[in-house]
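Structures follow.
Below, subunit A partners subunit B and then partners subunit C, in two separate complexes.
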Partner chain A sequence: MQFFGGSDISPSPPVTTGSGDNGHMMYIFNRNGVCLLYREWNRPLKTLDAQQDHKLMFGLLFSLKSFTAKMDPTSVEKGNLGVPQLPGQGCSFHSFRTNTYKLSFMESPSGIKIILVTSPKTGDLRESLKYIYNLYVEYVVKNPLYTPGTPISCELFNTTVDQYVKNLA
Partner chain B sequence: MAPIAPRSGDAVFANVERVNAELFTLTYGAVVRQLLTDLEEVEEVNKQLDQMGYNIGIRLIDEFLAKSNVSRCVDFKETAEVIAKVGFKMFLGVSASVTNWDADGTCCSLILEDNPLVDFVELPDTCQGLYYCNVLSGVIRGALEMVSMKTEVTWVRDMLRGDDAYELKVKLLKQVPEEYPYKDDE
Partner chain C sequence: MDGAAIYSLFIINKSGGLIFYKDYGSTGRMDTNDSLRLASLWHSMHAISQQLSPTVGCSGVELLQADTFDLHCFQSLTGTKFFVVCEPGTQRMEALLKFIYELFADYVLKNPFYEMEMPIRCELFDLNLLQAVQKDRVASLSR
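Right, the complex of A and B next:
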């Protein structure tokens, strides 16, 4: 994309008005549970080794998703809890908030999961996650030297994400 | 916030970066030409084009999903329509039509009247077995595999071989459910 006249990434990023520095950390997983990217901005807790931490986060989302689908009062058909679902089947959650942090979650039908952990006072981040997905497409997927399914080591992507998250409201 | 409706193929096509069609067509032609020189066997070239398409497809799916706002692909019928109307439009600037559904809805045909890949192309006698656009079948197979649909994509009609349209048969083999990826003992 950068080679042909450098257009902006569409859609343009959602307007942010915050004072910034609300981001704690971000994870990107693929369907196989590989943590493609982990960024950390503000996280005093360091009790787990990185791999355990990623697995725990992935497991939390995976279970929470099947629970939310199971409890869906509007759908007639649902399998037993824990029975594998087809991607896109059933409902899903997009965020939860505790008194100390907020976790926002987005999953694409191709199995890419983007998780952003921010301060509890941040607003709806669904558009922002979509924007980060667009950044992932432009900087990672379109990078011919990137092998799909492997951890991302792309400085340009990291700095762009860092900068974007810094200004989140 | 209500879910955003998927964008139409035209809307996406109008907003993405495009390259000159002639440059695109000639570049693809040069790739096929080089493969014919390198691999010598037409059958091998078909295979290689399909593999190249597959590698493109597994990446292209994310761009497709990000830009088209499609949020779920569970129903195969719906998916085929989206490929024909949005996917082809977005990446090739043409749309396809979906026909010939079989009784259980797992097999259909995508028909392309217009195909930008083949401008200026005429198959010489030595290449009669070549599926010149085989990259397309690979792209579709790769992209669908990333949304958990295992498919088989084959050419039924090819204008370069004297047919009246391009027809791709897409057969759904299996939909793979999402499973917890880690083993318990890890």
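Right, the complex of A and C next:
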């Protein structure tokens, strides 16, 4: 089980040496599948309206998780395919790559899912996602005006994330 | 290490049906129904991943990195998908998949008794596939 100790933002974000313009979009879902945040930086192709797109993305992640939990070649007891599992239970995944994009995924112990879609050449983004999770904790969860489970509208969080992703490798 | 770089191989036809499945030493048996379900699940997720692409020209998932395995997928021009489940970080899987595709073309598609889109039961294919996987295993051990 992953655990993110410490409540301070790590003093320096993971090293970023990018030239910018690598990020396509980012999603944050809570454990009920509500899209808390959707940021878009570079997305020339839109096939669906926003709500359908979020549903499709959450559905894909849900199915991929049950797929990897069942596929897991290292465990004996895998349970049945499609039975919902708690965050951290069963084998999950952290990224997939196609010829046009790379999707990195992180789930927190409370079921918050952070999804970052970048260019396919991007390296491992697990540390970056943890950093974004820390930003979420600092700027959103600790904001007294924020009601949990509602879409995020914290200006400071948005600008910080935008800035961070811009510099991502 | 017992050299089980590759855990399993799946081949699915263009409509998502499993036509070949071989296990090379995963822990815990998967029954036939589960392998069929996983194959069709992969087929649909492959299609969804194309819809979610931010740019044009997406041809589906090529590599899925899970906590305990990597999955490399290769789709042929006719829509047949080949995917291997291997240890995280295993190299040269694209080459192996292309080679398996060659074997598929040579020993399955050119077999006059093979019915298109149906499960593969060709002795020569099995034999050559086993050799290819073993050769890959030896190569990965000697590195």
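Methods note: the second predicted complex is superposed on the first by the 160 of 169 C-alpha atoms of A that agree within 3 Å, B and C clash if a C-alpha of one lies under 4 Å from a C-alpha of the other, contacts with A are read in each partner's own complex, and residues count from 1 in each chain.
The rule we apply is simple: a residue touches a chain if its C-beta (ideal position, glycine included) is under 8 Å from a C-beta of that chain, and two chains touch if they have at least 3 such contacts.
Computed from a prediction, not measured in an experiment: that's the story for all the values here.
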Given the alignment on subunit A, is it a clash or a fit between subunit B and subunit C?
fit
A:C91 contacts which: subunit B (first), subunit C (second), both, neither?
second
Have a look at where A:S75 lands relative to subunit B and subunit C in the superposition and call it first, second, both or neither.
second
Once the structures are superposed on A, label A:N167 by its partner contacts, choosing first (subunit B), second (subunit C), both or neither.
neither
After the fit on chain A, how big is the angle at subunit A between subunit B and subunit C, using C-alpha centres and going to the nearest 10 degrees?
120
Taking the superposition on A as described, I'd like to know which of subunit B and subunit C A:L48 touches: first, second, both or neither.
second
When the two structures are overlaid on chain A, which partner does A:L64 contact: first (subunit B), second (subunit C), both, or neither?
second
Just subunit B (first), just subunit C (second), both, or neither: which does A:I112 touch?
first
In the overlaid three-chain picture, which partner chain does A:N99 touch, first (subunit B) or second (subunit C), both, or neither?
second
Could you say whether A:K142 touches subunit B, subunit C, both of them, or neither, answering first, second, both or neither?
first
For A:L56, using the defined touch cut-off, is the partner it touches subunit B, subunit C, both, or neither? Pick first, second, both or neither.
second
Minimum C-alpha separation between subunit B and subunit C after superposing on chain A, in Å
9
Both partners, subunit B and subunit C, contact subunit A at residues 59
Help me check something: in the complex, which residues belonging to subunit C touch subunit A?
7-8, 26-28, 30, 34, 37-38, 41-42, 44-45, 48-69, 71, 85
As the complex stands, subunit A meets subunit C at residues 24-25, 42-45, 47-48, 53, 56-57, 59-60, 63-64, 66-68, 70-78, 81, 91-101, 103, 117
Of subunit A, residues touching subunit B in the complex:
1, 4-5, 7, 10, 31-33, 55, 58-59, 62, 84-89, 108-112, 124, 126, 130, 133-134, 136-137, 141-142, 148
Which of the residues in subunit B come into contact with subunit A in the complex?
1, 15-17, 19, 58-59, 61-63, 65-67, 70-74, 146-148, 175-182, 186
